[in-house]
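Below you'll find the structures, each written out as C-alpha cells.
Both complexes shown next keep chain A, but they swap its partner, so chain B is in the first and chain C is in the second.
Now for the complex of A and B:
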C-alpha cells in the first residue's frame, strides 16, 4: 500500500499510517496504588504515596529534651522545624546511627509535617489492592492498627504501613515488630 | 415288669366293668318291676275304684227307681253297661288278669240281674220281697267285697312291687359296694406286690452301686428276676466282676511299680554315691594336677626368665662384640680417614689460599650491588606513589559523581511522589521522574563500579608499594648480609690458612695413634668372638630347657583340662543321678499312692 503523504497535514497522515493511537499507548493500571518503598533493618516496608510530602536527606538532628522516646530530634527543613521520629524505635527494632543512605520521609499528618527516619528509600512501587494480604491476626495486638498488610514483591515481603497510625503511640506495642519478624521467618 | 404294671389298670377296668354290669342288671330288674306297676297295678287299682263307683251308682240307681216306684230301670241299665264297658276295657289290658276280671264281671252280672229282679219285685209289690232284698243286699255286699278284695289285692301287688324295687336297690347297692371294695382291695394288693417287685431290686442295685462307689467290690449281686431290672442287675454284676479283676491287676501293677521304683531309687542312690565319689576323686585329681601344672608353669616361667636373662646376656655380649668389632672397624676407618685427612688437609691448605683471593674480589662486587639496589627501589617507590595519588583523585571524583547521582535519585523520588500525588495530571511527569531515577541508579551503579575499580587499583598499588619496598629491602638486606658474610669468610679463610698447617701436623700424629688402636681392637674382637660362641651354646641349652618345660606344661594343661572335663562329666552324672533319684522317689510316691488307691478297693483282689 502506498500512501501519498502530501498536503499540509502529511505529517499527521504519516503518523496515522503507523496505526498508533492514544488509546493504545501504554497506561498505568488504574487499580494500582503507589507506595514509597523503604528499608528498615534489611527488610522492606512501604508508606502510601498520598501520605508522603517528600523525602529528604538527613542533616544534623538536634535532640530535644523531654521529647517522646520515639522522637529522635528535630531538623531544619527550609526554615521549618521538622520533628523526626525514629521508625526503628517506633516499630520496636534496634536503633541505628544514620549513614549516607538514611532518609527522612516527610509525612504531612493532621496539618503538621512529621519526619520519619528510615534506613533507605528504594523507589515508588505500585501494588494492586488485591495483592495485599492481611497481616496474620494472631501476631497482632488490637492496637497494632498501623499495619495495612503485606504484599509479595520479587520474592520479598513488603510490609505496608498506615501513615497516620504509625505516628500514634500506644503503651506496650513497641515490641510487636519483633514478634512479627519471628513469625515471618 | 411291664406286665405287672399293666395288671393294675386291667384290674381297675375289670372292677369298673363288674360294677357296670351289676348296675345294669339291677337297673333292668327295677325297670321291669316299675313297668309292671305302671302298666298293671295302677290301671287295675283305677279300674277297681271305678267299678266300686259303678256298683255304688247301680245300687243307687236301683234304689232311686224303687223309691220313685215308676219302674223305670234305664239309668241302672246305663250304669250297668258302663260297668261292663269298664271291665271289658280292663280286660283289654294285657297286664291284668283276664280270668279274675271275667269272674268279677260274672259276679256283677249275677248281682245286677238279682238286684233288677228284686227291684222290679219291690215295685210290683210282690211278697217275699224282704227275702229278695236280703238276698240282693247279700249279693251286693259280696260283689262289693269282691271288688274290695280285688282292689286290696292290687294294692298288695303294688306294695309288693315297690318293696321288690326297694329290695332290688338295696341289693344292687350292696353288690356294687362289695364289687368296689373287692376290686379296690385287689388293686391295692396288686399294686403293693408290683411296687415291691420293682423297688426291691432297684434298692438292691442302688445298694450295690453305693458299695461299688465306696470301693467295696466284695459280694455278688443276686439276680432273681429276668425282667429289665434283672438285666440291669446282671450288667452291674458283670461290671463288678470286671472291675474286681481290673483293680486286682492294678494293685499288682502298683505293687510291682513300687518295688521297681524302690529298687531304682536304691540303685540311683548308689549311682549318685558312686558319681559323688567319682566327682570327689576327679576333683582331687584335678586339684593335684592343677597344683602340678602350676609347679610346671613355675618351672617354665623360671626357665623362661633364665632364657631371657641368657638372651639378654647374649645380646649384651653380642652388642659388646659388635661394638668391639665396630671399634675395630672404626679404628681401621679412623686410620684410613686419618691418612685421608692428612692428605686432604694438605690439599685444603692450598685451596684455602685460593679461596681467600676470590673472596676479596666478591666482596668488592657485592658492595657495588648494594648501592645499585638502593637507588632502584627508590625509583620504583616513587612511581607507585604517583599511581596511588592518581587513584585517590579518581576516587574523590567518583564519590562526587556518586553523591550527585544519589541526590538525583532523591529528586527523582520526590518528583515521583509529587507526580503520584498529582494523580492523572502527573502521570507523564511520573514517567519522566522514573526515567530520571533509572538514570540516577545507573549512574550510581557505574560510579560504584568505577569506585570499586579505583579501590582495587589503589589496593593493588598499595600492595605493589609494600611489595616493592619489602623486595628492595630484602635485596638490600641480603646484599648487605652477603657483604658481611663475605667479610667474615675472608677473615676465617685467613685464619684457616694459618690453622691448616697446624691441622696437618696433628693429622700426622693421629695417623700413628690410629694405627696402634687398630691393632689393639683387632685382638679384642677375637676374644669377644670366643665369648660369643660360649654364650650361644648356653643360650641354646636354656632354650631347649624352656622348650621342654613348655611342652611339659602343655601336657599338664591337657591333663588338667581332661580331668576338669572328667569332673564336669562326674558332676553331670551326680546331677543326673540326683534328678534320677528325685524322679524315682516321685515315682515311688506315685506308686504308693496308686497302691493305697487300689487298697481302698476292698475286695477279692486282696488275695
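Now for the complex of A and C:
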C-alpha cells in the first residue's frame, strides 16, 4: 500500500488494508474503544484512535541541530512541517532505526500536529474498558504518567498509552545528545 | 433590526466615523497635555462638540454604554475653561473605554471593503503553496522535452499571473505606521506624567507602510524602547539644566523605507545615553553571565537585567526588551543601537516591509542542506587549502579588508569535528558585522516561505525556521544574526 491514511476514517481504512474482516470482530456488548496497536522494540503498545489524525510512511526526516534527543527531526506532511518524536527514546528505549515497516503516527495536540515514530503499526483493535488493568506499580516511575494501563490479549500484553502525556517532554529530556562536542581543534 | 443589511451598513459607518472622531479627540488631548498654549477655550469647545456628536451617534445606534460614557466625558468638559491635568487623564481613559467597547461592535475598521487579516493570510498561504507545486510541475514539463513546448509556455504564463496575484495580495496587508505612532505618543504621555518629566514627542514618516502582521511585533519592541527612553533615558529637569540641556526632554520617532523591502524606525532621545558600566554592575548584582562586556547590545538584551533598583509597573522588569529582540529576529528584522553617553541614544528597528517569500541560497555541509537568507549574503567564494589559517582553534581567511573569521557549518551543527580544509566561504554581513560561513558547496537560489519551528524542538540557536523546497523536502533556514554572534571557538580563553 502506498496510500496515506488521514483522519479517523482513514485510520479504519488502514485497518481494512491490513485484512481484518468484520467476522473476526466479536459481537459488541460493552462499549469498546478502538486503539491503534503498534510495536516498539518487539513489545506491543497502543494509542487511542480518537487521538490519531493519520498514519504515514516515513519519508525524509530533516534533522534539527541542538533539538532535544526525543525529537528525531521534522517532516513535510502536505505542506505542513511537523516535528517527529522518537517514541522509543520518549519511553526510555534505544533510538529507532527506521526500516520499511516504520510508521509515523500523527497526533493533533494543542492546535498543532506532532508525529511519533513507531516500529510498525499492526492493527486497529477494540478493547473493553473492563479488560484494561492498571500498570503494576513497581514498573512505574514518576515520569511514567503516560501509561493508561495494560490489556492481556491471548498471550500478548498491550500497553495503552495516553497521547497527551506522551507528548509532554520534561525539562531533563530537553538536553540534546546528538551534538558532537568539540574541544580540541 | 440586527439582521437588516441597512443596519449593518449604518453600523460600519458609525464605527468608522467614531473611530476617526476618537483619534481626533485623543490627539487634541495629547496636544493640550503637552503644550499649555494649545489649552485654549477654543480647542476645549471643539473637544466638547466632538464628544457631543459621538454621544448622539451612539444613542442613535442604540449603544447605551458608549452613549452614557460619552455623556460623562462631555459633562467633565466645561466650555471656555482650560483643562486640568486630571481632566485630561480622565478623558483619555474614557477614550480608551469607548474604543474598547466599539471594538466588539463590528469588524469594520476602514472605509471600503474590510476583510479580516486572517482571510488575506489564508490566501497568501495558498498562493505560496501553489507556487511550490507549480515549480514541481515545471520540472516535470522540462523532463518531457521539446514536445511539451506549448505546455511549458502555458505554465510560464500561469506562473506570471500567480506571481502578480501574490504580490497584489501581499500589498493588501500593507498598513501605514500612523496608528502605531499614536500608541507610542500615548505611552510617552502616560509615562512622562507618572515620572514627572516633561517630554516632547515628535513623529515623522507615519505614512510608511508595514505588513499588518508585523505591526504587533513592531509595537511591542518600540513600546519597550520608548518606555525605557522616558524612564531611564531622559534625565530629571534639574540634571538636564545642570548639563546645559533644555529642561524638557524630547523623543523623536521617524520611519523610512530603508530599501525596497525594508523599513527602518528610529527612536532617538536626548537623554543620558546608556551607561555600559551601570549595566555591567547591574548584571553582576543579579549574578547574570555576561558574554562580552564590550558588547552593549548583548548587555542590553540580557534577560532579567534592569539598571533601576526599584521596579515600576511598566519598565525596569528587564524581561521585555530581550523577548522583543528575539521576536524581531525571528521575523527577519534587527535592532541597532547608536549610543552617545551623556547625549542620548538612538535605537533603529529594521523590519522587512512584508512577511512573505524570502530569497534563500541553499548550502551543503556534510551531506546536510540548509537555506541561507540571501539578504545576509555578501559574497560567495571557493576556498583553497592554502588559504585557510587556523588561529587559536578558529579558522580565518585573508581578505582585502583583513582577516575574515570563519564559522564551519558542520562543526556548528555537530556533523564534523574539525574545520574543513577546503570548501566554499559564504560571507555573511548584517549591520557591519561580517563572518564567513564555511560549507562544502553552495546550491540553488530560490524563493521560499519560512515558518517557525515547533516549540518541542527546543531553543535552537542559529535556526530561523523551516521551509519546504520544490521536491517537498523540509530544509532548515539559518538565522544569519545568530550565526554572526555565535562563539567561534568552543575553547575558552582560560
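Structural remarks
Everything that follows uses one rule, which is that the second predicted complex is superposed on the first by the 139 of 185 C-alpha atoms of A that agree within 3 Å, B and C clash if a C-alpha of one lies under 4 Å from a C-alpha of the other, contacts with A are read in each partner's own complex, and residues count from 1 in each chain.
FYI, a residue touches a chain if its C-beta (ideal position, glycine included) is under 8 Å from a C-beta of that chain, and two chains touch if they have at least 3 such contacts.
The shown structure was predicted, so the numbers you read here are calculated from the model rather than taken from an experiment.
Within the superposed three-chain model, A:103 lies in touch with chain B and out of touch with chain C [touch as defined at top].
Of the two partner chains placed by superposition, only chain B is touched by A:34; chain C is not. By the document's definition of touching, neither partner reaches A:131: not chain B, not chain C. When the two complexes are overlaid on their common chain A, residue A:114 makes contact with chain C while staying clear of chain B. Of the two partner chains placed around the shared chain by superposition, chain C is the only one that A:85 touches, whereas chain B remains out of contact.
Judged by the touch definition given at the top, the superposed model places A:52 against chain B, while chain C stays out of reach. More residues of chain A are touched by C (comparison of chain B with chain C).
When both complexes are overlaid on chain A, the residue A:62 reaches chain C alone and has no touch with chain B. Common to the chain B and chain C interfaces on chain A is no residue. Those residues of chain B that touch chain A in the complex are listed here as 406-407, 410, 413-414, 416-418, 420-421, 427, 430, 434, 437.
Residue ranges of chain C in contact with chain A, taken from their complex: 129, 132, 368, 390, 393-394, 411-419, 451, 453-454, 456-463, 466, 468, 472-476, 489-491. The residues of chain A lying in touch with chain B in their complex are 27-28, 34, 36, 49-50, 52-57, 100, 103, 121, 123-124. Residues 59-60, 62-68, 71, 74-76, 79, 81-83, 85, 112, 114, 167, 169, 174, 176, 178-185 of chain A touch chain C in their complex.
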